[in-house]
Every structure is written in C-alpha cells, then in structure tokens.
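Shared between the two complexes below is chain A, which pairs with chain B and chain C, respectively.
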Partner chain A sequence: MAAPKIDPMHQFQIAPIGADELIASPFQFTNSALWMLIVLAVVVLVMWGGTKRELVPGRWQALAEIITNFLGDITRQTIGANGRKYLPWVFTTFMFILAANWIGAMPLALAGAHPFTVTSQFSVTWTMSVMSFAIVLVVGFWKHGLHFFSLFVPKGAPLAIKLFIAPIEFVSFLVRPFSLGLRPFVAMFAGHILLEVFGNFIVQGLNAGSAAGGFIAALCFVFIVGMSGLELLIGAIQAYVFALLTAIYINDAENLH
Partner chain B sequence: MELSSAQVIGAGIAAIGIGAAAAGVGTVFGSYLQGALRNPGAAANERIWMFVGFAAAELLGLIAFTVAMIILYAPPA
Partner chain C sequence: MPQLSQLALVIQSQWFWLLLVLGAIYFVVGRGIVGKVESTVDDRDARIAADLAEAQRLQDEAEADEEAWRTRVNAMRAEAQGVTASAKADAQAKLEARLAAADAEIALRTDSAVAELDTARKSAMAELESVAVEATQQIVERLTGASVDQAQARAAVTGALGHA
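What follows is the complex of A and B.
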C-alpha cells in the first residue's frame, strides 16, 4: 500500500480568514495578515511593559533593557558613535523577525490555532531587506553625494586591480538586498518543511501498525523535539544576523570605509 | 526519462550544496572557537565578524536549498 503523499507546502499557503481560496481582490484579511498583527501585538506588549521607566527595573523592564543594550552594542561596534540614530530600525527588524520566527514555531496547534510563520514568505523578508537597502542608499547619497560610489573602489590598490574589483563590488552590492531577505526566509521555510515531513513520518509509522513502524515513529518524535529546539535557536540567530548585517551595510553608507 | 523523475534527481543533486555549506559554517565556528580559546581577551570584539562569516557561508547553502525547491515545485517549463 502506498503511503499518502506528504504535502509540506500546504502550511505556507496564504488563505483569507473564513474562506477557502484567494479571490481576485487585493483587500483581504489573510492568515498572514492576522499573524503579522499578532506578532506586532506581542512586540508592542513586551516593549510597553518594559518601558515604564521604573527606577528599579523588574524582570520585564530588564528584558527590554537587555534587548536594547544588545542591539545598541551592535550599532555602536559596527557603525560607531553616531550609529545610535539607526538603532530604531535595527531594533525593529530584530524584534519583528525574532517574534515572527518564534511565534511561528510555537505549538499553538494544540490549542486549535495554526500559527503561520510570517517570515516564511519571501515577500515579507524581502520588503524588510529592501527597506534596509533603501536606508543605506538614502544615507549614502545624502551624506556623501556621488562620492558614495567610491564604496566600490578599494583604497590604495593599483589601478589594474581597482578596475577589476570595482564591478565585482558593484554586483555584490546589488545582490545584498536579495541575500539579506533570502536568509531569514529560507531558514524558516526549510525548518518548517523538515518538521512537517518528519511529523508525517510519525503518523505513517503509527499507521503501519507494526513494531518497526512504532520504533521509527518514536525515533522521529525524538528528532522533532530536538529540531524544534534548534529551530528556536535558528530563529534567534537569523534575527541577529539580519540586524547585524543591516548595521554593517549602514556602516558602509555612514562611514564609507 | 520522465520529467518528474529528472526533477527529483536534480533536486537531490542540488541538495549537495547544503552539505558544502554545513562544512563552511562548521569551519567558521570552529576557527572562531580556536582563536577565542587562544586569546579570550580578543574574542568578544570578533564575535560580530564570526556571525558575518557565518551568514556568508550559510547563504550559499540556503541558495542551494532554494534551487532544489524551485526544481521540485516550480520547474522552469
């Protein structure tokens, strides 16, 4: 008997709330929009509770201070003393991606809600990376004018090498928003496919009814538990990497090496 | 060969790149750990560059994964 086909892509489908299929209208309240709002609400709640400016910080405020200091260190170490004005955007990307990744990995399906990982859609992460890239371009051209193009030319190199390196640097600069957005998207996408496939293995192994099937199901369950932990780690690392690379790219525009 | 069989084979070949990225990520973290253990004082300042290297190495694996997914689910007609 052939096992039923595993459909790992179903979980990424965007569907309007309360309807089965997308209709030809751009104005719909989809599951993606719903979970984006939930992510926003969680971030706002955490920061609202953490920014009451108590003299003696409680746990909540300590959490908010840890995150802010952590990201403040990133901007200070990469951009320098005047990197603080970019902290809001770095903070926004970090918090949004972190909250979206973690909420999407929560086992809320046990309570009947199917969490949709917002960052598993390239359009979302791509939008954020394009905004980072736009900040880089605006800051670069605002501060340095056309001199910003010297970013592509290595300093102190012989002319022949400069001519060779400049086009490569230019292409690598153009690829940045793409690679920046691809990273969090694929990390979430791949992780959720993996969990889905191994979750299906558990069901199929139990349905097989044999001892070997039960053994494989137990093995897959242990694997999924471990992978879920790894998924949380990857979600945090991807948020950190996105914020870090945003800061480094802004540093290029701000200080122009 | 049928298209669907060729798709699966192609996706499998594309997935090899993920293993290469795994080696790259391991090298990045391993080298950082080596350096950090030899000179713990300088470790904190270089952690950022470790993550930049990690991101660059990982990206190639993610691109390999994307190519595999495109071959499997959205093959160029």
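What follows is the complex of A and C.
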C-alpha cells in the first residue's frame, strides 16, 4: 500500500462549482464563494435575534445585543462619540472574519461538507484591509484636507526629531493595509496547515498498524484537540484585532492629533 | 501555495463574491439590524433609568409621607400631653380651692362654736352666780336669821368664785 501523499495546500485550493474549469470571470461560482455566502447566512441568522426587540431579551436576542454592544464599545472608546457612523464597517469586518474563521474550523467534514476558510485567502483579507485603509484616507482627506499629512509629524517634538520621525511614520502608515490583511491570513493559513499535517499523522500512524504508530496517532489526536481549541481562540482574536485596528486607524483620520 | 498560483484566475470572482457578501453584511446587518439592536438596548436602558427614577420618587414620597405622619403624631401626642397636664392642673386647683373653702368653713364653724360655748359658759356662770347669791341669802337667813341684801351677797359670791 502506497503511503498517502500529504498535500496540506490542497485545502486552500479554490474549485469551481457548477463548472468544469476555473475561468477568470467575476461571476464564476466557487467553493470560496459558497462559503462566503454561508458566512453571510450565519451572520444574518445570528444577528436576526436582535430584531425581536423584546424588553427582556431571550438568549438569541441577548447574543445579538452582546455582539452589538461589544463592537459599539470598541468604536465609541476608540473613535469617540463620532465613532457611531463607523460601527457598521467595524461590525462587518469583525463578524465576517469571526464567522469565516470559526466556520472554517468546524468539523463539518464529518457530515461530508469540506469547509473552506475564506480568510485563509489573502485576496480576501487584503481586500478588506485595503477597504479599511481607503476609509481612513477618504475620511482623513475629507475632514482635514492636506493637513492630514500632519499625522506623520509627532506633535511638540524638536524639528530635528520631526524630520527624522516623519518618514518612518509615513512608511509605517503605508505598511498598515498590508500588515492588517496579513495578520488574519497568516493565522488561518498556518493553523490549517498544522491541523492538516497532524491529521495526516493520525491516519498514517493508524495505517502503520504497529503499537508505535498507534501511540503516535493518539498523541497527534490529543495535540489536534488542543490545537482546534487554540484555533477558535485565534480566530476570535484575529477578528477582534482587525476590527480594533480598523477603529484605531479611523480614529487617526477622524480625530487628527 | 494555491492562494498565489490561482490568484490571476480567481481574483475577479473572489472580489465579486466578497464585495457582495460584505455589502450585504454592511447594509442589511451593519446598518439595519445593528441600529435596531442599539435602539432596543437604548430604549431598555432609558426605561430602566425611568423606572429607577420613578421608584426613587415614590420612595421619597413615602418617606415624606411618613415624616409628615410622624410630625402629626408627635404634635398630637404633645397636644394630648398638654390636655392631660392642664386637666391635672385644673383638678388640682379645684381640689385646693375646695380644701381651702372647707378649711375656711371649718374654721368659721369652730370659731362660732367656741364663741357659743363661751357665751353659754358666761351665761351659765352668770346664772350660777345669781343662783349662788340667792342661795347665799337664804343660807345666811336660815343660819343667822339675818337678812343679807343682794349686793352684799353678790360681793361675797364673786369673791368666793374669784378664789375658786
């Protein structure tokens, strides 16, 4: 029996649905698009409880209210009273990334559905971070005009330091959209490779049929259980970090120092 | 790395579906449901605050009522004590007046009784004297046969009685 080839990258492959081959078309329906729509459905479903508007909330409504209050607090505390109008976007980034990360980590393969983690595609995370960055630029130049460039100049510092710091600040500002999108992508990418590799170890250990193989399989199983829990934590943290950084960057533009 | 190798093929559909999904979340959930949830929470907070304020108002009212009641009870108690005290003082005064009147009457009666007694004694003495004078006259007449006039006898009797 030939040892099964481990291909940890296969899970990131985008495959067409309803067509034989991938074509470069915006309307091409893929497994990635399918899981984005599932993410959308889950987000709408979870938040639908908030439309009940009961005085004493049930569990479902309370969940929607907790999420809303959590993100509302982030925008209010980071951006201030003006932050309310950015809540929809901060909410969108948080809920999309959280739902995508968690749905991608669900053992749905047991039911035959192979979950596709859309946030493991940098085309997705970078598009989102570029959108956040675009909001920062539009708000910054809309509110402050060219004065927005003073963001790079530390306030109250001597001229020599200002000349030294400003280029550094400028570069770090330009790096923001890349680092913002890189973070959730890398976390999901690395986590899923790790899960895939150790999952294969379990299969191979059991296939070996020896006591040592069984022991290694059991060890890897325990490791994967722990890793899966960690994956859920990382998925939540990445969503939180993305939403929080988006709010912080918007705060730079909204309340220029 | 499929993310890179497939990029040129899939980027259009990735963008299309991502923007569709993000737009749906943004407008339907972010602008729609989240606003509703926020207003629900705000309404509830406002209602709780109003209920608490109402409860505080009612409690203040009840405390004020109790305070007023307590003042009234205290006033009534003080009034009752005043009434009792004045009634007591009144009764005392009346008692004293009656005692004084009784004392005065007793004194009056005693005085008049003493005076009556005195007169009675005096008249008795006077009668006794006249009887003694008469008796003296008769005794002297019987014993000596000499008649003694009334003035002499009276002098002798008065002298004897004065000795007695």
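Here, the second predicted complex is superposed on the first by the 243 of 257 C-alpha atoms of A that agree within 3 Å, B and C clash if a C-alpha of one lies under 4 Å from a C-alpha of the other, contacts with A are read in each partner's own complex, and residues count from 1 in each chain.
As a convention for this text, a residue touches a chain if its C-beta (ideal position, glycine included) is under 8 Å from a C-beta of that chain, and two chains touch if they have at least 3 such contacts.
All figures in this text were calculated on a predicted structure; none of them were measured in a lab.
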item: Comparison of chain B and chain C by chain A residues contacted; value: C
item: Which superposed partner A:Met9 touches (first chain B, second chain C, both, neither); value: both
item: Which of chain B and chain C A:Thr51 touches, first, second, both or neither; value: second
item: First, second, both or neither for A:Ser150, with chain B first and chain C second; value: neither
item: Which superposed partner A:Gln28 touches (first chain B, second chain C, both, neither); value: second
item: First, second, both or neither for A:Tyr240, with chain B first and chain C second; value: first
item: Chain B versus chain C as contact partner of A:Asn82, first or second or both or neither; value: neither
item: First, second, both or neither for A:Asn207, with chain B first and chain C second; value: neither
item: Partner chain in contact with A:Ser172 - chain B first, chain C second, else both or neither; value: neither
item: Residues on chain A lying within both footprints (that of chain B and that of chain C); value: 9, 189
item: Complex interface listing, chain B residues touching chain A; value: 45, 48, 51-52, 54-55, 58-59, 62-63, 65-66, 69, 73
item: Chain A contact footprint on chain C (complex, rising order); value: 1-3, 6-22, 24-31, 33-34, 36-38, 40-41, 44, 47
item: List of chain A residues in touch with chain C within their complex; value: 9-10, 12-14, 22-30, 32-33, 36-37, 39-40, 43-44, 47-48, 50-51, 53, 55, 64-65, 68-69, 71-72, 87-89, 91-92, 95-96, 118, 120-124, 127-128, 131, 189
item: In the complex, chain A residues that touch chain B; value: 9, 74, 77-78, 179, 182-183, 186-187, 189-190, 237, 240-241, 244-245, 248
